[in-house]
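As written, the chains take the letters A, B, C and D, and residue 1 is the first residue of each chain.
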Amino acid sequence: MIRFVLRRLLAAIPIGVIVTLGVFALVFAMPGDPLRELAGDKPIPAAVLAAKRAQFHLDEPFLVQYLLSMKDILTGNFGTTFAGADIADQLRLRIPVTLKLTLLANAVQWTLGLIFGIYAGFKRNGLIDRSLLLVTLVLLAVPGLVAYFAAQFVFGVQLKWFPVSGVLEGFPNSYLLPALVIGVLGFAGLARLMRTSIVETVNADFVKTARAKGLGEQRVLWRHILPNALLPVVTFIGLDLAGMFGGAIITESIFNLPGLGQFMFQAIKLKEGGVVVLLSTLAFLSFIVINLLVDLLYGILDPRVRHV
Amino acid sequence: MSDVQAVVSAEAQELGDGRTLSNRELLRALLRKPQFVLCSLLLLVFFAMAAVPKVFTSADPRFCELSKSRHSREPGHPFGFDIQGCDYFANVVYGARPSVLVSICASFGVFILAGTFGLLAGYFPGFVDALISRTADVLFAVPGLVVLIVILNSVPNRSIWIIVGVILLIGWPGGMRLMRSTVFSVRNREYVLAARSIGVPPLRILRKHVFPNAMAPLLAMTTLGIGGMVGLEAALTFLGVGLQPPSISWGSQFGVAASYRDTPHLFLWPALFISTMTISFMIIGDSIRDALDPKLLR
Amino acid sequence: MTTGEVLLKVENLSVEFDTPRGAVRAVDGVSWQVRAGETLAILGESGSGKSVSTQALTGILEMPPGRIVSGTAEYRGADLIAMTTKERRRIVGDRITMVFQDSLSALNPVQSVGTQIAECYRVHRGMSKRDALKRAAEMLDQVRIPAAAKRARDYPHEFSGGMRQRVMLAMALALDPDVLIADEPTTALDVTVQAQILELIAELQAERDMGVVLITHDLGVVSDVADNVVVMYAGHVVERASTAAALDRPVHPYTEGLLGSMPSADLKGQELPTIPGTPPSLRAIPSGCAFRPRCPIAIGDCAHDVPPLLTVAPGRDAACIRRTTLLEREAG
Amino acid sequence: MALDPPAERRFAEEVGPTVRRLTGVVGVALGLSLVLASCGDGKSSGSGSGDGARSTVIAIAAEPLEYINPLNENGSPGIQVAMAMFAPLVTTDPNTGKLLNVMADSVTPDKNSQTWTIKLKPGNTFQNGQPLTAKDYVDSWNLTAQGSTAWKNNGFFSKIEGYDALNPETPDGATPKPTAVKALSGLKQVDDLTFTVKLKVPFSQFGLTLQYFGLAPLPEEVRKDPDAYKRKPIGNGPYKLAADWNAGDDIKLAKWDGYKQTAPDADAITFRFIPNADTAYNEFQAGTVDFVGVPSTKIKSFKDDAPDQWVTSVSSGANYLTLPAWDERFKNPKLRHAFSMAIDRKAYADLVGLAEPAKALVAPDMVGYRADACKYCDFDAAKAKQLLAEAGGFSGPVNINYSTTSATGQIFAEALGNMIRQNLGLEVKYTGKQGSEITELADTRKLDGLRFSGWGHDYPSIEDYLTPMFKSTGDANFSGYSNPKLDQVLAQGDAQPDPDAAIKLYQQAEDIALEDMPLIPLITKSDAFLHSAKIEPRVSKYVGVSALWATFK
């Protein structure tokens, strides 16, 4: 097991290097001068620009800039953004926001998705199942933008059930509306997957065996079908979680949640290679770690793929 | 987009060991489903709009009178006017082309790329597999939207082809994984072994034996994913990296109109068209999936 | 020692499937019975309805799309089909148990085999977890699995095919059932293992005075272990006889054909004769006698009516209008 | 900068990048005051406005500030906050437009306006209790003028003698080293409350520029270690931080007792940063903020959304379509006139909202403005076509650049593009880029095609429109325009001591520019703001809309 983990982590290193280098190169190749971006349309004295350029190593060649950024990241010495924000502060501030949002959204998504998916899968072709299929189709077809704007306007501005935006009311109030929207939009996928998985599993031979053993329906469902049907769902949930440090750029922007997504978007606009790479590294690390955890969990759930 | 993709791939994965239908059988099975027929007709209408918009409207979408900006409908202008005072119906009709092109080309391109790479990776374990899979890992690990934004911000001219290209770049790994795992299950089947033993060259085996038997799940995933592409295009406009005028597309129409709450017709129509097209694609994807499902064939 | 009591008696069982293209009759008016200590073989090609009939009467058939149209299946006089699910569950899994063909997919992949066997004791006997597990290990030992106590903690994929089939057997026999329905229990195994398993079943059957219903497409298996045989074709019983009699003098041309295509020492060096044609799809069963298109002795009348199952000799039934008595075989 | 609606960056860029000048003292003050002052309302939904009735929550549609340091701040969000926490030397009287002293007791130029003597009022202190002295100003300004400090208001001091010694030319890209010289030779402390400023050349408007909030003094402890104080500024103005201010938090201010000058009404002010302007607008509608700028997408609907709760600023400044002088295809003035006359300014102004068609190159509220200055600014499609034909047509598509940072950039670009296409029969294409990228391309003369631009004066004179944008060496001459004759007329105007005579000369220069038309005048526009029922923002035709100085009902 330890060997498995180590092997996976070692394999991640070259990928991490390529990811960070690639992202840095992309940002580096973006047209325009990063510092001018910072200044908006206002002329900035040459001396000020030069001083800033030196401070952020923008006068160095590409590879040196990249290595300096990586050094900063690896030594935990994040420095400041072009605008002067302490990056470590920003992370301390923003990671919890993104975590709260994604976890709450995922909780909504999982709860709804699992409940409806399991129910629909068990009562296949029933009323609930058919409605679920229809509703999920519609949900999957609604562009996220529509949903976010509509929800903010209806539930925030008009009905005043939720705060319109921001995080002032803290957790969970401020996060409820965006998390609900993300969760409801996302539940469609999970519910369909769960349902499909159950339908597939119901037909498996071992379910026949279980029935032939004279087990009650409930026991067959919960002890035999569900543990097997959950396996692909675990993978899906893992992928979902692994992507969470990417942040929800659009949701965070519309609901004014100061999370990693907005930070990333801002950094891209300002061409802050260092920040973009730092955030990409974070996203990458969480991707690797969560994937690893999911694989380990999967190994526990499914003895066939145990990693020794 | 990624959500839909993940679900679809997981859903489709179950088909991996399914037996394959002949095309005619598949078509016959599909035509028996009314929802499939209805959605196909709808899509045909959309495709026709994309191909020959003139048939649907005689108005010039680019004839605009600013004084009519955002007016609601009037005789001869069933959808009213857009912000520029152009006939909105004509604009929505003409908007079909980029939307359909982006969604179809991106999906089809992803299908081709993912299919090819998946075939290669699944059939040639070792170096080829490692190369392709590790590349996919890299792309998986970077948030897709970030790559989209960065690249689209960098290119001098955002045409639909650029947008399609970037979607291809970040879209293929998901399908590749699916294809690869399907190929794994097919590559040791008797007919493949037989072909190999009589010395059929590998590429021919891939083309004639492996691909036809392994493509069903990827195909289902692709059809289910097509609709999401239009929504993605709208999101790009919101983020300031969408299509530029004079291109007219549902995504950019919606993206631009989203802020104008007081004239709801501006976003209702494109949103309706986007959703209808998306749902149609999904139902068709569902139908194909069901038709391919061996459990229902018994 | 066998009491010879009739344990399970199936009468006129018909099962249909609802498909998008209309109902399909998979089992049509099937009757058979099995006594304590007896091994009854149900012989047929795939699609002949042999598995469906047993799955229907035990209630494990997916219903819908499956549907029992008519018939009874009496276990010691109580009709399983008319029973409520709850009542049936007290018998199926306890008094009547089943073994399936593909043991890898028939065992729950995420539970250890011990747990799966123990579940029988827990559900039907209400035993504690620990006791149940202990009994499960004993059961594994009885089916000759080495180091049974240790292996009980292993998962299905960690066993070889033969060992896994023994696990299935252990599970089926855990509660000392009266009737064991073995659905192609050895098909996926190689010949030596197959023989071991059949031998094991026979041994355990003798110990327990159990009725065994052996579903198979393999005439060789039938000849080795079955006392009586029921031959099915396209959902119908076409012949019913003691194994010895059927092998010796088959009445129905289908049985005859099967027998002819069995490899044997006599035919060494010759091409193996086969039954021409393929079994019909259930969607398109020929009118009259379903075997007609492949039958060497078919006549025009065969197309008119489904041939009834007629007694052609004491203890021998066959459904063929050309051979309504045993003697006609010689004549035909 | 007046053009820059302080409320939000996106907003600012919506008609086109508005060029703002660092030195723009008046301009900055004008623009910023729009935003600054709002006072709160009692029902501000418990979302963190201070307690008590006289508190205000002001929405700022921008990313949260990272520090408060007026000297290193030239964006409106930062200056808005600085306006509450720091006090300027002088300010403009909102009622009369006259200059008023705040920290200064007197500001006196010498005969030729080259050396200025600034005397401070006695008794003022910083919020840490330390007295405010001339030394604080001199040292703060010297620190900022030092290039290696890299503070954004460095450029302001370039007019002062000795600036070049603190900012030596560095080879392109090289890092400026701290210079041996640490002080501007033109800056002299006379006594505790008096200092003098010697300019490189005479400049009669220098006194006006001193109201810029970017010139605020920093106390000694802050000057020694500015980084340590970036989140706990020590000001000399009416408000101080009410609580610890951490990254991303609202900025909560409370009235500071030690402030001895006239102070606004509010007891407490909260600045809340909401980067998405539409979201900020929604927050206002939900009643959680008291003051918000109306984003461009809501210009048509705000009066219905918040009846009786809106104010508009008096517009000042102008918006243009800039033609590239470096592109041969645009050389012919007739072609430029054709473009100008193909534009239906009335319809365009209606689309933008709160806007009027432009009829001159300078803002309508300037002395010297002539409503009939532009002979080519009336919409006449037939005439435009004819002029285009006379000019020999135009080859290739016309490219229109727009800023993607703004929600409406693309919409406005399309509107103009449609007019050019329909009225001139030319093919039009569009390029969306980030605002700064467009500026950079224009700066380096690489931009292809038209762009939007805007200008707000730094001091109320038509000269401040003509010199920066049309003089060959003008610092905002992004069109690359150069006409020696215009330069000459401008120079004559600068040398003319009689104001009326000078204006005549400047008007001549405007006529030359209109004939050549490097920029096509488009519209002048106002900004709108919403306020809660409890407050009434101060609206002044001289300094615009102020939330900071709102009165409570």
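In this section, contacts are C-beta pairs under 8 Å (C-beta built on N, C-alpha and C of every residue); 3 or more make two chains touch, one makes a residue touch a chain.
These are the chains along with the protein names UniProt gives them: A, B = ABC transporter permease; C = ABC transporter ATP-binding protein.
Treat the numbers as computed from the prediction; the structure is a model and nothing was measured.
**Student:** Can you tell me which chain lies farthest from subunit D, using the average of the Cα atoms as each chain's centre?
**Tutor:** Farthest chain from subunit D, going by C-alpha centroids: C.
**Student:** Going by C-alpha centres, which chain would you call the most central?
**Tutor:** Most central by this criterion: A.
**Student:** For the interfaces A-D and A-C, which has the higher count of C-beta pairs in contact?
**Tutor:** If we tally the contacting C-beta pairs, A-D comes out ahead.
**Student:** Would you mind pulling out the distance in Å between where the CA atoms of subunit A average out and where those of subunit D do?
**Tutor:** Once rounded, the distance between the two centres reads 40 Å.
**Student:** Just curious, how far off is subunit C from subunit A if you go by their C-alpha centres, in Å?
**Tutor:** That pair's centroid distance is 52 Å.
**Student:** Rounded to a whole Å, what is the gap between the Cα centroids of subunit A and subunit B?
**Tutor:** Here subunit A and subunit B have centroids separated by 22 Å.
**Student:** When the C-alpha atoms of subunit C and subunit D are each averaged to a single point, how far apart are the two points in Å?
**Tutor:** Roughly 91 Å separates the two chain centres.
**Student:** So which stretches of subunit A touch two or more other chains?
**Tutor:** Residues 31, 153, 203, 269.
**Student:** For subunit C, which residues are shared contacts with two or more other chains?
**Tutor:** Correct list: empty.
**Student:** Among the residues of subunit D, which are close enough to touch at least two other chains?
**Tutor:** In subunit D, 405, 434 touch at least two other chains.
**Student:** Within the complex, which stretch of subunit A touches subunit D?
**Tutor:** It comes out as residues 31-33, 36-37, 39-48, 50-55, 59, 80-81, 83-86, 89-90, 92-94, 152-153, 156-157, 160, 163-166, 168-169, 253-256, 258, 262, 266, 269.
**Student:** Report the residues of subunit A in contact with subunit B in the complex, numbered from low to high.
**Tutor:** For subunit A paired with subunit B, touching residues are 14-16, 18-19, 22-23, 26-27, 29-31, 133, 137-138, 140-146, 149, 153, 185-186, 189-190, 192-193, 196-197, 199-200, 203, 232-233, 235-236, 239-240, 243, 246-247, 249-250, 264-265, 268-269, 276, 280, 283-284, 287-288.
**Student:** List the residues on subunit D that touch subunit A in their complex, please.
**Tutor:** The contact residues of subunit D facing subunit A are 9, 12-13, 17-22, 47-48, 63-64, 66-67, 72, 74-75, 147-152, 154-155, 158, 167, 170, 173-176, 230, 246-248, 250, 272, 274-276, 279-280, 282-283, 285-286, 288, 405, 434-437, 439-440, 475.
**Student:** Quick check on the complex: what are the subunit A residues that touch subunit C?
**Tutor:** Listed in rising order, the residues of subunit A that touch subunit C are 203-206, 208-217, 219, 223-224, 227-228, 231, 301-304.
**Student:** Spell out the part of subunit D that touches subunit B in their complex, as residue ranges.
**Tutor:** Going by the criterion above, the answer is residues 278, 295, 297-298, 300-301, 304, 344, 347-348, 350-351, 404-405, 407, 410-411, 413-415, 417-419, 421-422, 428-432, 434.
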